[in-house]
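Naming follows writing order (A, B, C, D and E), and every chain is counted from residue 1.
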Amino acid sequence: MNSISYEAKMGMEQREGVTAGAARPGDAVPAADVSGKAEDRRMVGDHTHPNPVMVCRDVTVHYGEKRAIHDVSLDVGANEVIAMIGPSGCGKSTFLRCLNRMNDTIDGCRVSGSILLDGQDIYDRRTDVVPLRARVGMVFQKPNPFPKSIYENVAYGPRIHGLARSRTELDEIVQTSLEKAGLWGEVKDRLDQPGTGLSGGQQQRLCIARTISVSPEVILMDEPCSALDPIATARIEELIDELRGNYSIAIVTHSMQQAARVSQRTAYFHLGDLIEVGDTADIFTNPRHRLTEDYITGRFG
Amino acid sequence: MKNQRAIDIVNASLKRRYAAERRFRLYGIAAIAAGLLFLALLFTSIAANGYSAFLQTHVRLDINFDPAVIDPEGSRAPQALSGANYAALVRRSMQELFPEVTGRQDRRTLNGLVSSGASYQLRDMVMADPALIGTTRSVWVPADDDVDMYAKGHIPVDVPEAQRRIKDLPLSWLRKLESEGRIEKRFNTTFFTAGDSREPELAGIRGALMGSLYTVIVTLALSFPIGVATAIYLEEFAPRNRWTDLIEVNINNLAAVPSIVFGLLGLAVFLNFMALPRSAPLVGGLVLTLMTLPTIIIAGRAALKSVPPSIREAALGIGASRLQTVTHHVLPLALPGMLTGTIIGMAQALGETAPLLMIGMVAFIVDIPGGFFDPATVLPVQIFLWADSPERAFVERTSAAILVLLGFLVIMNAIAVLLRKKFERRW
Amino acid sequence: MSVTTLAIVLLALSAAAYYVGRQRSFAVSRGSGGVRALHSLPGYYGMLTALWCGLPALLVLAGWVAFEPYIVTKLVVAGLPDEIRALPDARLGLVVNDIRNLVSGNIVSAQVDPAMQAAADHYRSLVQTGSAALAVVVLALAAGGIGLAWKRIHPGLRARNQVEGVVKAFLVLCSTIAIFTTIGIVLSVLFEALRFFHSVPVSEFLLGLKWSPQMAIRADQVGSSGSFGAVPLFTGTLMISFIAMFVAVPIGLMSAIYLSEYANRRFRAVAKPLLEILAGIPTVVYGFFAALVVAPALRDGGAALGLDVSSESALAAGLVMGIMIIPFVSSLSDDVINAVPQSLRDGSYAMGATRSETVRKVIIPAALPGIVGGVLLAVSRAIGETMIVVMAAGLAANLTANPLQAVTTITVQIVTLLVGDQEFDSPKTLAAFALGLMLFVVTLILNVIALHVVRKYREQYE
Amino acid sequence: AARDYISIVGSSTVYPFATVVAEQFGKTSSFKTPKIESTGSGGGLKLFCAGVGVENPDITNASRRIKSSEVETCAANGVKEIVEIKIGYDGIAVANSKQAGQFSLTRRDLYLALAKDVPAADGSEKLVANPYKTWKDVNPALPATAIEVLGPPPTSGTRDAFVELVMEHGCKDTPWVAAMEKSDKNAFKAACFTIREDGAYIEAGENDNLIVQKLEANPDALGIFGFSFLDQNTDMVQGSLIDGVAPTFEAIASGDYPVSRPLFFYVKKAHVGVIPGIQEYVNEFTSDKAWGPEGYLADKGLIPMPEEERAKFANDARNMTPMEM
Amino acid sequence: MNSISYEAKMGMEQREGVTAGAARPGDAVPAADVSGKAEDRRMVGDHTHPNPVMVCRDVTVHYGEKRAIHDVSLDVGANEVIAMIGPSGCGKSTFLRCLNRMNDTIDGCRVSGSILLDGQDIYDRRTDVVPLRARVGMVFQKPNPFPKSIYENVAYGPRIHGLARSRTELDEIVQTSLEKAGLWGEVKDRLDQPGTGLSGGQQQRLCIARTISVSPEVILMDEPCSALDPIATARIEELIDELRGNYSIAIVTHSMQQAARVSQRTAYFHLGDLIEVGDTADIFTNPRHRLTEDYITGRFG
């Protein structure tokens, strides 16, 4: 764990920020103001990684006429956890979904720029999304197990990708995936029961098991803990830390504490722009951009 | 203080609001009750009219299977046996019962009391068992439709003779037969085993039933997969553009095309252009397929829409192709809704007459169709034709045929509902 | 080999091809790092091989089935005696029919003469040769397909994409059926309709207030000139559909609401399919019900109130039609109401709303687009219905707004014009086609409008 | 597949008779039972005249004679030789419920009650919109019930026959109108053949059973329908006397009852001998046991033709003599 | 603000808990263990309030056969914010939904015990849920504005209850409610636009405005911020603090930081039992029950 303990330093400050807000009742600042007035939005920090798995350059995404993110360049490094933070609607999810082309499913979504996985542009016309998504797995904000048994949930990926030659091999994959996701102990006796019958935290871990069952290289997580209680959250954070040994992980989160706890690098997005990237410890202790600072100290506008 | 006021206002309005609530609920119950009441009303009125058709009046005759009539040459050749004059046997036995009837006209009337089907029945008996020849047997033969109506009380006897289909003289004969126990109502197997006939007592629905079966098989086999495939394409694959808008508007519009126009289309395309045979269940099925497709597609799309997108994202997210996503996850969840559309669509197809008019299925067809290319008619058409027949005895048979159709419908619905239940087992 | 056996053999071959393709994929993967090195699952290679084996062969088979009679007939005719060959085509066709009857052992028209017998034998032998040749070709194609696929299979072959391509092509094909149906319908009424508009100007047809197709259609027939103003038909259709919706929408909607919001699950499981039966009762039955039960009741009821109710009235037909289309509204609305998220209900209940308030103010507005869809389907059905109107509302094209009078609808006129005594170049019969076209165009316009309205509405709420 | 059965189309009026013959034929011969479609006379003739060949029908039934234009269409499509068989008559009854009294009408009464325009009651030689509301207005001898007649729509052959046999005749009772036939044929037609559209005449579809049932439900109404339906429903409805004659079997057969029309079927000669059983079917139809006065068709309500007419058409049938027009 | 600054004290500790967990990879503790082994589950602390609005005694709830909460006794005091915390599935939401009988809508849910509002048992047969829910409003985890305009969303309650006699009165209610919810400034120019078109945080504030529009006495909030980003969360927390002046608020949250920030009293639930109640400051600084302590320090089982 090389992340810093965020709360210890920021807690008081943030608290005060809120208190200060509360002290001015009725004076709620319109959210629109967050956009700031012609601030400097040039990126600070180093967006590259010495040993990148995915390399994104000048990624711009439009939904129809609307530009959601603008010229974002960022690497995802091998065996790192990179956190993406930023106010709601700033384009974190959009960027994340570019990385395994989940945006393809959205009508009117256009992506430009280049995103390379192992040197190959994933938006190239010849790239097949199916193996891409097997290599770049995704865990969603709301746990979304299939309405099938726990076993089938995990076995689905290996099955469609033909990863197991025999039933025993499949059983093995299911077991290892569930073990890695820290769920095996809890469900080993009821693998044939519906995955939808698990608790929220268990469901989310099931989804993680499902994702790692196809041995992806990168795992994308979009606010994976927002529906979970602290215990479940803690367990998933543990898991992320553990998975880092084998996978690269990009995680979107609203909780700065969480970003501080789990990530090595953090990227701060603001209104579609990537504002600052850097070591998590640096970002939280020593933000270089004013917008970043405002955000992590809870001051805004 | 203000709180107090608000809650007082709330409390004050409660009585009125609860009255509205009760009224609303009542409307709901009334609506369902009205729907079910109409169904019950229709059903009972049909059943009340139709149940008697499941019985048929028979007359017991003592038939002397006279070899001189049946097989004068004694060859026992099937040809000869089938061509013999069995009607003469029937006439003779009637004559023996009423030796006093002599006039030509009277004897004609007397013979008219039994159905012309009696001789076919005797023929079949002899063909099945030639050993009958030479014996005398007591045989129950079907009575004429007028006698049947009389026996079932549909012909009032207390009105002036001129207003009755059965005049006084035959009435006296019937009374005599009744007193001798020679008249009996028996279960009407003919109704279920025979094809159409112009003699009500010989008419059956087997032909129409088989025709409906073949037609529905074609319709179901085509419209369900095509409808589902179209719904899947439009909902899961098609880009949202003018072309798919066009398809959507088209499908909605086809739902409003009068069914007879589909008949015109069938005539032009399937008969004239593709040279398929007229009156064939295959063509009927094709036309009804085109007619039911919009219903199935519209319901299918609604069902697909209601599958949560998170399921699709989950599958796509681990690298399932779109098609795999649909077949493995979305379709199983949408199937119950698709079945709803299919039930309604098939129910409609099963009850349809007008489009079949144009492709020759509104026809008198006696032989029971044995395949998709044989000339056939369907139950609603049979009902339509019988409803237009002058003979009174067809009234109850019409109702009985409707009952059979409803039975068919209920069975189909039940199967679909069971299927729907099975797939609806969501977790 | 008969076509059926051939088709079965082909199916069996395809199954075998599936197996072969799968095995082949295993085999080719062995060299390059096992199954994981394959682009697609082995099953997809199997399916691809099966498609290669089955699809071309099936197409050839279908083509043969379509053209065999034609080819064989040509050949048989070529072998017939000259005097028969000299017959006009249609007569020749009859002779061939007779020969076919002879071949298939059916009853034939007359004595079998030697020439016929010879022709029949010829026919038989041709069919035999033909089917033998077909069997050879089809089987060869199938085998060739397997071979080709076998050769093409290598780890990089994108089998899944190709199989899915075929499936997707099938899906697209299915969705175009609606378009073809529409084209077919338009074509099958367009020309006749145009001929109609030659004798009756469009303006008169669209704006004329009098519909009376009483027209002499043969020289010696009595009749009058006829007039073809379709306005009374449109108003009649409108009125009856309106009355039907007046019955069906409240009853159907309230039933749906009750079923989805109030009733327990078991009641719903029984009542819903029961209501669906209403959609399947033959319209003749409804027609009798309307004409013999509802219409007299209305008449007597009207008389008691001092109203003059015609014995055939739009009201009777509309009421009964309304009953018939209840399930279209109730079943489809029930589905969409069920799909309204529980969170909206919770939101409303938590405000202290009663159930009915929640339903009326929150659920119905949220479900409206879907309900409108169901209602549109029901309207469509009402517009297209014939039998009930013929039997209960009569055929008189009155231009009236009084539902107690007899009216008629477009579809009724189409049907009566088409099944009654007809003459295919008199406007009287052609009018049916013009009406069909008009109805088609009008409903199309309505549907386009509906699509836009629903879209707009939906966008506003999502 | 080859066709080995007879295909018949045509009039819904002839349908009940043709089907009886077909059934009898199928049961007693070695041939299959013919398939009979009820398409209406005009629709049947259209199919019939579409050409020679298996896909086209062999026989069409008609409740009117074939038109010369139809013969031309036939010829243009290669259907040159057509055998015409007249099979008998169908009486058209004007009837009402037994709950009300029997009507005795003249054709003139019916004309005045049902025409759109009628000669002015004051005797002046002009046509006025039909002012009559009750039968009593038409003829003081009739009851004072409102005029309400359920009858066939303009697309029906029955309607044509009714107009020809009743309206035209009733109309000619007024001499100055009758004179118009010569002077102004169109005006004459308009005066005599147009049926009123103000609700007194109710177009009630082609289902005669339904008309009978509606009469039962509405005792004030009269209905126009085929004799066989009257015959089958004598307990519910009664036929009105027309010009003093009741619509009975005998009266129609003898020609005393004025409202009856001939029924026909037409055989495509080119098909005889190539489609199995046509000749035999026609023979069955034209045998005395079928269409004779005591034949089974009479039982079903067909009014037989006089002896000599039967002989002529039976002869035509046996020899397949093509018609001439 | 009399809440203590939780993070300042707990952050380090919790962090270490997680770190400790991560340090033992693969040794994920099954959630089932959370249930503890026959621990002492008697309640500690004082569940009463000197000036209670709602008084709950021995409330037990069953879903069918399953018991969700057991003999919970707790007061909701006037003008206080009481937070309910506890691991997922412990019955927080269930208890909250008892307070305005939202459980009535769930099939097979049975409630026993007594819940008094102003001395009257709300589960009494004669109690009417409609005025009850008008007096005890609820805000849900996921913002659920009606698919209507912003105005109509807020006007809905006053309309159905007939609180406004005229359009101006209604306008007034809508405005005051939106002002109180701190949303007026942001939406006053687009009241006729759909409420569903607002951002998540705005939607949640709209739901709060909707709830206060009928002037309830108690507001129940079930994880009102879990779908929101920090800025939106901070704004809602401000709002809660402000609303406390006029209303009593019961809030369920997964975030102990949030509980610490907004509430005066905190109740800790565990597997259907109420374990500990007390002043928020006390609970977080000095938990008396071992389960509470385990939970708030992130140590479990």
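Operating definition for what follows: contacts are C-beta pairs under 8 Å (C-beta built on N, C-alpha and C of every residue); 3 or more make two chains touch, one makes a residue touch a chain.
Per UniProt, the chains are A, E = Phosphate ABC transporter ATP-binding protein (PhoT family); B = Phosphate transport system permease protein PstA; C = Phosphate transport system permease protein.
Keep in mind the model is a prediction, meaning the values are calculated, not measured.
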Chains touching both chain B and chain D, listed by label: C
Centroid comparison with chain A (C-alpha atoms), farthest chain: D
Higher-contact pair (C-beta pairs counted), B-C versus A-B: B-C
Chain with minimal offset from the mean of all protein Cα atoms: C
Centre-to-centre distance between chain E and chain B (centres being mean Cα positions), rounded to whole Å: 61
Geometric centre distance via CA averages, chain E-chain D, whole Å: 84
Centre-to-centre distance between chain E and chain C (centres being mean Cα positions), rounded to whole Å: 55
Multi-partner residues of chain A (at least 2 other chains): 130, 160-161
Multi-chain contact residues (two or more partners), chain D: 1, 3, 32, 39, 206-207, 210
Numbers and ranges of chain C residues touching at least 2 other chains: 160, 288, 352, 354, 357, 418-419
Touch relationships between chains, expressed as pairs: A-B, A-C, A-E, B-C, B-D, B-E, C-D, C-E
Touch list for chain B against partner chain E, complex: 2-3, 6-7, 9-11, 13-14, 17-18
Chain D contact footprint on chain B (complex, rising order): 108, 112, 116, 120, 155-156, 159, 162-165, 197-199, 271, 275, 277-279, 357, 360, 362-367, 373, 375, 385, 387-392, 395
Residue ranges of chain A touching chain B (in the complex, touch as defined): 100, 102, 105, 107, 129-134, 137-140, 142, 144-147, 156-157, 160-161, 194, 196-197, 207, 210-211, 213-214
Of all residues in chain E, those that touch chain A in their complex: 1, 5-8, 10-12, 14-15, 17-19, 21-22, 25-26, 28-32, 34, 86-89, 179, 182-183, 185-186, 199-202, 226-232, 234-235, 237-239, 241-242, 254-257, 261, 295, 298, 300
Contact footprint of chain C on chain D as seen in their complex: 1-4, 30-32, 39-43, 46, 51-54, 56, 64, 67-70, 78, 148, 150, 153-157, 160, 163-164, 167-168, 189-190, 192-195, 197, 199, 202-207, 210, 213-214, 217-218, 221, 270-271, 273-278
